[in-house]
Each structure stands twice: as structure tokens, then as C-alpha cells.
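Take a look at these structures.
In what follows, chain A forms one complex with chain B and a second complex with chain C.
Moving on to the complex of A and B:
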């Protein structure tokens, strides 16, 4: 059992955990923003799929990871436009529209992939790394934390930036009011619809970026249903973060490690059937919910359409 | 704030804001029908009317929440379109709504900054703190800008609302919608002082109220609305130098027209409490007994400590106290909506402490909640369904699980007629009814069947004079027929008018019990502040 504490194992666990955490981090940050504004994006998984597919196509055809990731953001935001149009503007049920978006994304991305790449099954090159001088020399952490794809550092910084925006800017204040008491925001002369629109697009863009990362950095390829429920786990992380953005880092890394533990175990020669290993994050979700469900706090007006003057 | 208006005072200043022929139609109701209104700087304009008279609609139009179907608005002589809340705010019109619109999870300062700094950039905390300090002096507030809005007492929350309405440096008009409905007597006096300050700053204040004496006391000018129209107004010259009694009589005539005579009673109750000579009823056995009830409090509610009270059949016992001192908790413990680990509730000598709501109801216990729409009724269901809400699945309204609409409608029609609920028909959606009519229906539902013990929680809260009197009459009648009634109210006058005996609750404890004999008000008042002090 002492193998469990070996450098090899820990490096693989943390490094793999961070890689696996990034899609969850981006998606849950976006979801956190839109939940604060009162929009529950059940379709987060869908935005991630759109993002993953387009990011893969662009990265494969241009050879640029960064263009690919940018395309992921665009695709996710376009996906969330459906939510904006139907739920925020036309005030249809957020959950129904969210489920529709997932089904649409699963169907559309699988179909498009099969039509163009089913035969060739292309894969992208090895993702780039940005090793931070000096820090990368630290044992275990050096190799695992400080030798990652640059987008990892962007993601962690972003969590703090989003936290600052929510807490210290007018836009953040409007977002928090839109989810808690939209009529108060309306009476203060700020458009609830506009606030929720931007927050939803933010969720779409960030989830799309998460999807793009999953395809380009995580898998180096796109396969249908590549997200495997990451969107739902991200919703859970967002809910447990209680509107405090940096908490999403903790949640995402914990879930990320539960995904990477299989690879790490294989490295030290412990073989577990992949079926069991793939169940781990979902078991983790259930355990976390049982332990921390009381900790979650949802804004009062979450998933409720806002109609001025309605009782 | 309009310093130039001061030098025009004394002459007749031109109105700051003029509304002409304002009309607003909702499905089935003409809420405002050709209303004219002038608002002047340095003046409190009281807008008086019953519930449903169109007061709220009018101020929603002025504050940009609704658009009128017809009519025009001018501000400082220029025609304006107030087509959004932002347009109203930019004109310097601030509104304090009856239902508070603070975000409870945000701090006081965050609530004040909401929407006020424009754009999306960094919040100017320094500037906001300065403005807070200025307004805090003007309004005499005593809470910190960093306090969580939801944790403040209702009176303080209202002060935050007033600050919010005055937040812009160039505020001109302040609209207050039923501002006194949540205030203690001290809070009322404070509000009076605040209004004086605001007037001397040259602000125009519009004060909406359904209480006559408030309109007379606080208003420099009074406009009376009835059924969506202006039915009369009193200019400052007319208000000055007349007795309150004389003015009341004139306004009552405007409000109720030819029915005024029969309402003289109801107005009396409000203006000066006059005790009815209660017929000495035969009191029967102890119907409801509460012994040693206790409940833990938390940050949002006080607990209860050792509450013991008895009510006999035919008796009306009042529970007096400032709102939020444990009244709701007590009512819910008796109704069975909350469990208590300590103490017991007995109905006719039988311990029902461990029984649920349904079982207690079958034993004749009724609870008329103060949360009418929410806990009491389902806003989206129709009137008839709400009338049978507590009997879903039971005969004769359901048979073998199937709903029998005819039976339900017939039953509801009976209640609507007997209790004079004003509704187009029983299939109307409940949310479209006014507050008074919802309360009548709630009362009708709870008193139908065979009630033996009933708890009324603030049964006339927010109702107009006439409906409130109707509600009190129903309670009296039911008690005369043998009901044991426990009436919770924050208005001592009402309890004096209604009860045989009054107990006083303060900070979750019963601080005393007095028979309803002359001089009871002073003793109740003394008991209310005996222990609490900080409970306002």
C-alpha cells in the first residue's frame, strides 16, 4: 500500500486530476454565474458538447489549439442562445428547454461527427505544456501542478476574477439581485432580461470552453458523447459553491481526481475494471450530496421566469 | 433637492408633476378611470381609498411599472412618458413599494447601490458610504451599511427602502405605498418626523393609505379614490383648522357615498376605540388549552418560552404584541404545522400534541393564517378549488378519486354569497381577487363545516375599514354560536373591540393577561414593552 504515496502515483493523480478538473471548472464557473442570475442551465452538458465538437473541428483543420478553444467558446455561447431565446426572453420552462438542448447537442454533434470523421477518426497532436520555471522543480507538485497546459492557469485565475466581478462590480451586483429578487432589480431600473441574457451567454461560453478543452487537451480527439455527464457534475459543483466562485476550484479538482484515480492506479500496477472506475465520479457526487446537501444554497428566483407585475 | 421651490412657497406653486385623465384597464376591471392628480414640491399628498380603489395601479403608472392605456403625464410643465422604472428614476421619482423590494441576501449598502451606479464597472463603495451617512442623518437610522438586509426588522427595512428611493442626489418625488402597515406606534412617529424633514428639503411626497386618520394627520392635501376614480379632494386650506372628526365625516362621505351612515361605526373603531358592550355570553368548558409550549429560536425568528393559555367555548381571547414576537410560531404550534418538543396542546381535554394538521382539523380546530396567498390559498387555482382546498379527495366533492365540479362549484357559490366575496364567478383565478376578498374566502372556508376552536392570525391585517369590520363581525357571530376563538393582532384597538380577555406576547413569552375592562389599553401597552424594548 505504500505505493499509494509514491511520487509516481501522486504525480499522476494530481496532474490527471487537474486535467480532468478543467472542463468541470469552466462549466461550473459559467453555471455559477447564470445560477446567481436566476437561470438554471440544465443544458450545460449540451453547451459542452457543442464546444467540444467545434473546437475539435477548428483545431484539426487549422492546427491551432487556441483557435480551437476560441471556437469552443463561440459554439457554447451559440448553444446557450437557445436558452436565452426560449427561457429568458419567451419565458418557457428552463428545465424543459435545458433537456431539449442536451438532446439536440448529443444528436447533432454525433451526426456531424459520423458524417465527416467516422472513417478517419483523426486525432490531434500532443497538447502543449507551460512549465513554470523554478516552481516546476518542486517534487510531485512541480511535475503535476506547474507543468500543465497554459489554459489550466487561465482557468484557476478566472475563478478568482469571476469571484471579484460578482462581489465588487455593478454587473455582479445586478446578477446576484436578478437571481434572488428580480423585481427589486427591475424596480431599480436595471433590465432583468438583459442581465440574465448576459449571464446565460457567459455560462454557454465557459461551458463551451470546457468542452473544447476536453476535446483538445483532455482527449486529443472528439468522440460522440465525449462529455459523459460532466455538465451535470458541473451543475452540482456550482450549487455547492454557494455563489463563491473560488470554491468551484476545490469542487472541480476533487471530482477531477476521482476521474484520474484509475490511471494513477494503473501506473502502480493496480488493475480495476474501467466500468467501475467510470462510476467513481458519480458515486462521489452522491456521497458529496449526502454530506453537503445542506450546504448548498440556491438563489430564491432560480429557474423562475420573471414577468413584471405578476403575482 | 429643489431649493428653488422654497421661494415659491406660500403662493400657489405650480405642480411639479401633473397626471391628466390616467386610465388603466386590466382584464375585467377598470383600475384607473380618468384620474387627474397634481403633485407639488414641499407637500405630502395623501392618496386615500379602500383596497381595490386603484391607488396601487396609479403609483405603478407614476413609477413606470405599468403603462397607462390613456392619459398624459407632465413633469415640471413638460410632457413626459414614464415607460419604465428607469425613466421614473431619471426624473427623480423614487418609490417605496408596499411589498418591500429589498434583496434579503445582500447587504444594506449593496441594496442601495443596486442599479444606481450605472454601467457594469467597479462599485464605488466610498461614494456609497458617504451618501449612506448623509441619508442616515436625514432619516435618523441606526443600522450599519454592512448589515444583511434580510436580518433587519421590518421598520428598518422600510427605512432602507426610503433611502433607496432618495438615493439619487436629484430626487424630487417620493412615493410611499402604505408605509405604516408594518410600523409600531413609535415607528409611526418617526415616519412623521421623516416626512417633515423631507418636506423642508423641498421634496414632493405621495403617501398611499387606506387609513383615514393617517391621511388627515400626515397629508397636506388629500385625494380620495373610489373604484378607480377621484371622488373628492381636500386642499391644504380645507384641511387646516378643522377638527379630525369633521374631516373624517367629509371623507367618509366621499369614500362611501350614501352608505356612509351605516359605516359610522366602522370609522369610530378606527378613529377612537370605543368598546362595544359585549353581551355577556355563557362561557362553556375549556376548548383549547396550551400548556408550557416552548420552541427554540434562530437568527430569523424568536422562539417561544413556557406559553400557557386557555380558551373556553364561546370565548374570544386576544393575543396582543408587536409583530414578530412569536405569534406566528404559537399559531402554527396550535394548528399542528410545527412540532414542539416541550409542552402540550389539548382540545377539549384531549392531548393532540402528537397529532398532525389533518387530525386536529377533524377534531374541530381551524387556523386562519396571516399568509393568505401562499399558505392559505393557491393563487393559480380558481376560487371554487380554493374553497375546498382542505377537503381534497373527500366526499361529497370527490368520489372514488374523481372530482365532482358541480358539487365543488355549488359549495363555493354558497360561501361566496354568504360572505359577500366579490368575484366574477367561482371559476375565476384566485390571484385576480383583491386582498379583502381573498380574506373573506379564507374565513368562509375555515368557518364552514363545524369549527369548534379557531386561531385567527392577524385576521384584518391590510384590509380596508369595511372588510375589517365584516371580518370582526364574523368572528363575533361564530363565538356567539359557541366557537372558542384565539385572535392574534398587532392592533390593540381591534382586540379591545373584539375580545373578552387579552394576553400579551413579547419575545416569545406571555407577559401578562388582562380582562377586557375599561383602561385595558394602557395595561396591554405596558405589558407589550415590559420585557422587550428592542422587539420593534
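Moving on to the complex of A and C:
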């Protein structure tokens, strides 16, 4: 049985939980913005796959993690253009288009990877990390929470920035109006289509960044289907956040830490069947749903196309 | 979707407008009982694992016998009956290898319909004379050797096993590994961690869980995971003084850091050859096949990290298993593996 008090072991578990949480944080943050504008991105998983693949390719070929992450943002945003064109502009069903985007991303990234890297299977090596002065000296937390890749701190700050934009700026007001009362936004002279377009591109870019983080920091490589359903978990986290961006941090970290706890429970040899241990992250989400779902709030025009003059 | 693409590609090949890249015609003596066979694999044949081993073995056997082989890889895990039927009819295969345990109920049905014999995995009920036959592995025998090697190599006395899912083949090998390690060092500590319900492609999960296992003290990690094993390898490479034992394929060519201690290799050449011979003799389907240490279907990869003395001992142990002097436990369920670990 493992020594639970081992500093190295606890550090690895907390660090691993955070690493697992970050792709969910970025993707759910983007989805939250998009949902507030009335666009449900079922294809979030696809944006993440596009982002993961291009981030891996650029990071591997340039040796720059930052260029790779930037490429992930671009790839995710380009992927979300499909949603913009077919759902926001042409008003086709958001769920159907979202599923199509996932299938396209899975097929395209697998095909491209197999054609280019399946033989060599390159890896990116150990990712860089930024240790925060003084805080890094704290036992266990110093080497886990405060010694992460710099984009982790950017992501956490971004959740608060997005929250502020949504609540305190005219752009945020437009986004929320596009999801709540698009006809009112239209009457005020602001384009609903343009607002939803930018919100969807934001979702694509942030999900792509999440995918890029997953490939560069989380896995250190790319494997077909690497996202393993993270996009769907991110959608749930975005919905549970009830339009409050910083709550995405809570949801993502809860899920990531649950994954780490599931590993820990196996290693310490608890007398519970592994099947149940493996369900822990999902049980955590279900518990949160039960506790907060009744109070959850989704924009009234979510997933509905906007047609001027149509009720 | 992938299966559909595969069917379309097969149609193209059958119509004469496909690439010949996947058609290998060997230069053998031309005495083979069939002139063409096919293999259907669920993923691409370049995964350094199950699919690659299967495809390369098929191409090798085709070359040895001087016959053609049609490779339909990346066929997915969905309903492959259209692909199997296409290969048996339009593509002209006289024998089909259905290289996934997930195909083991569909393939016998297609074989009965088309009359073209099919080789399936892990379905004893599929042994039907001149129609279909099943294959399995005694991979726990190779894993036993891996366990002995790990226990001899470990300096911390702590070994880690990481699996991508609760999979029968992973459980069999995990049990063999535990038994082998304990035979070398009864006090060795062994910890088992599973990535997820079906984390075969979860590279990030493989890395995360392996990092935790290493942080728990393991300095030799036995990893079974398909795509997720690349994440396991990453975690091992990032750690100091930790080595990795893989399964099924040989990742030596991508082991940049020299951490690959060994691999429990699965070789399908002899299996496919035996099946074709049995088709010629009219005995195909009368009984199943098994890869084991004795017939060379299961073996341990020798790397530079294994010294001669250790390798010689492993060879002796291998012979003892073949002779029946060592009985390797069969643990098809994960609970059996956990019980075995708990006995230490």
C-alpha cells in the first residue's frame, strides 16, 4: 500500500489533477461565452481536436510551445467557422452541425496524423513551467499548484477577465442579449449574427487552446482521438457555471482532481471495485448537477436560430 | 465513418482503380493452398502494437508463400461485416483474418455465408470446421518473464502496472507479471492503476497516471495501453532512473531516451501460416490456435538494457515455463489480478 503522506506522491496527484483540469477550463470558458450568446457548440470536442493537432504540429516543428498554443487557438477558431457558417449564418440545426464537426475533426486529424507522424511518433518532451517566487516554497502546493506551465495562470486569470467582460461591459451585454433577447439586441441596432459569430469564434479559439494544452503539456504528443470526450465534459461544466465564468475553474478543477483521486484510490488499494473508482469524476459531476441543476440557468434563446421578425 | 471509408476504398481496389500499395505479392514457391488472403484490422497498421504486428505478419507470410494479401486496416470497431463480405467476394480473398476480438461474432457469420474461412480472436465457439477458427494468446507467459526482469532490474523494490482499461488481455499479462516478479523477489511491492473505462487512446491520461505511479516509488513500469502507452513512455522518459516494459509491439525505434527495458512481443506470423496450412489440409476450424512461448507467438524483447546474465536467466525461466515446471497463473479478471497483488 502506498504512503499517502509522501510529498512526492501528493505533489504528483495535485499537479496531475490541474493538468487534467486545464483543457476543460479553456474549453468550458469558451463554451460559456458562446452559450451566453445563444450558440450551443456540441462540436466543442472537434475544436479541441483541431487545436490539439495543429498545436502539436507547430510546437514540434518550431520547438516553441507558445507558437503551438497560438496555433491551437487558430485551429479551433477555424473549426468553429463551420458552426458560424452553417448554424449562425445559414441557421441550420446547431446540434446536427456540432456532431458533423466532431466527426470531421476525428477523421481529419487521424488521417493527417497517420500520414505524417504515425511512423515516427515524435514527442515534445517535458513542458516548461513557471515557479512563482515564494509560493513555490510551500510544501506540496509549491511544486504542484505554483509550478505549472505559464498558460495555467493565464487561464485562471482569463476566467475572471471573461466574467468581468460579460457582466460589466457593453460587449458582454450584447453577448448576453444575443442569447436571451436577440430581438431586443437587434432592435437596439446591434447585429445578432455578428455577436453570435464572435462568440462562437471565441468558443472555437479557447477550445482549440484547451486542445493545444492537452497535446503540448498534458500528453507531450498527439494521438488520434486524444480528447477522449473532454469537449462534452466542458459543455456540462459551462452549463453548470450558470453564466458565471469563474465557476468554470471550480468545475474543471473538480473534475481534474477527481481523476487524480481515482488514481490515488487505486494505488492505496482501497477495497472498492475499480469500476466504481473510475466513476468518481462522473459521480462528482452528477452530484454537482443534483445540488445545483435546479438553479442552473440557460439563456432562453440557446440553440435557437435568430430570424428577424420571427417569434 | 472509418469503416465506411474502408469499404469505399475496398470497392475502389476491387474495381481496379485503387492503389496497389496494400497488395503484396511475394516471391515464394507458389505451392500455397490459397493464392490470396486478407486481413482486417481495427486501426492503422503503424501503431507499434496489435495492428502493426498483425499487418506486418500478414505481409511477411504472403511474401514467404508467394501469395497476395489485401490489407484493410483502420476499419474501426463498428460493424465490419460489409468489409469482411467485400473481401471474401469482390476482392477475391480465399481466407480472411479478422484481427480484433470485437469482430469475433460477425466474422464467423460472414464466413458461413460466403464460404470463405475466417480466423477470429477469443471466441472458442467459433471453431467450425472449414468455416472459422479462433485464436488466443498465452501472453501471461511472456509477462511472467517481464515480471522476473522487472524485479531483477528494480532498485526501489517497487513496480508499477498501468493499464488503459479493464481488458482481458491486460489482466492476463498483469497477473503473469505479478507472478514473475514475486518469483524473483517475494517482497517486491507492486501497484496497479487503470487510466479509465476505455482509455486506450488517452495519451494524457497515460502520462498522468504513470507519473503518479512513479511518484509512488515505482522504478519499473509495465504499461499496457495502445495509444495511451505513448503517454506512459513520456512520463517514464521525464523521470530519472525509471524504465518501461511495453506489450505487443516494439517501440525501440522511437525510444529516444533509452528507457525501454523490454516488451512482451506478440508475433502472428506462425499463426497465419498454420491457419493457411490447415486450410490446405482441410483441417481448418477443427481446433483453435494459441500464441505462446513454445511456438514463438509470445516472446520477450531483448534490449541493450538487459545484461547477458539476466537474459540467460530469462531464457532458463522461459524453458521452465515451456516444460511445464513453472505454472503461470491465468487471471482474466481484474479482481484476480488484485487478489494476486494483495497476496504479496
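Just so it is clear, the second predicted complex is superposed on the first by the 271 of 311 C-alpha atoms of A that agree within 3 Å, B and C clash if a C-alpha of one lies under 4 Å from a C-alpha of the other, contacts with A are read in each partner's own complex, and residues count from 1 in each chain.
Please note the rule applied: contacts are C-beta pairs under 8 Å (C-beta built on N, C-alpha and C of every residue); 3 or more make two chains touch, one makes a residue touch a chain.
Computed from a predicted model, the values in this text were never measured in an experiment.
Of the two partner chains placed by the overlay, neither chain B nor chain C lies in contact with A:78.
Taking chain A as the reference, the larger set of touched residues comes from C, when chain B and chain C are compared. By the document's definition of touching, of the two partners only chain B reaches A:181; chain C does not. In the superposition on chain A, A:169 makes contact with chain B only, not with chain C. Applying the stated contact rule after C-alpha superposition, one finds that A:219 touches chain C and leaves chain B untouched.
Using the contact criterion defined above for the overlaid structures, shared-chain residue A:190 touches chain B, although it does not reach chain C. Listed in rising order, the residues of chain B touching chain A in the complex are 60, 63, 65-66, 84-86, 88-90, 95, 97, 101-106, 110-111, 113-123, 164, 373, 379, 431. For chain C in complex with chain A, the touching residues are 1-2, 5, 44, 46-48, 74, 166, 191-194, 196-197, 199, 201-209, 211-217, 227-228, 230-231, 233-234, 237-238, 251, 254, 256, 334-335, 338, 342. Those residues of chain A that touch chain B in the shared complex are 168-171, 173-174, 176-177, 180-181, 183-190, 299, 308-309, 311.
Considering their complex, residues 2, 6, 8-9, 11-13, 15-16, 19-20, 103, 106-107, 110, 114, 118-123, 125-126, 214, 218-226, 228, 259-260, 263-264, 266-267, 269, 273-275, 278 of chain A touch chain C.
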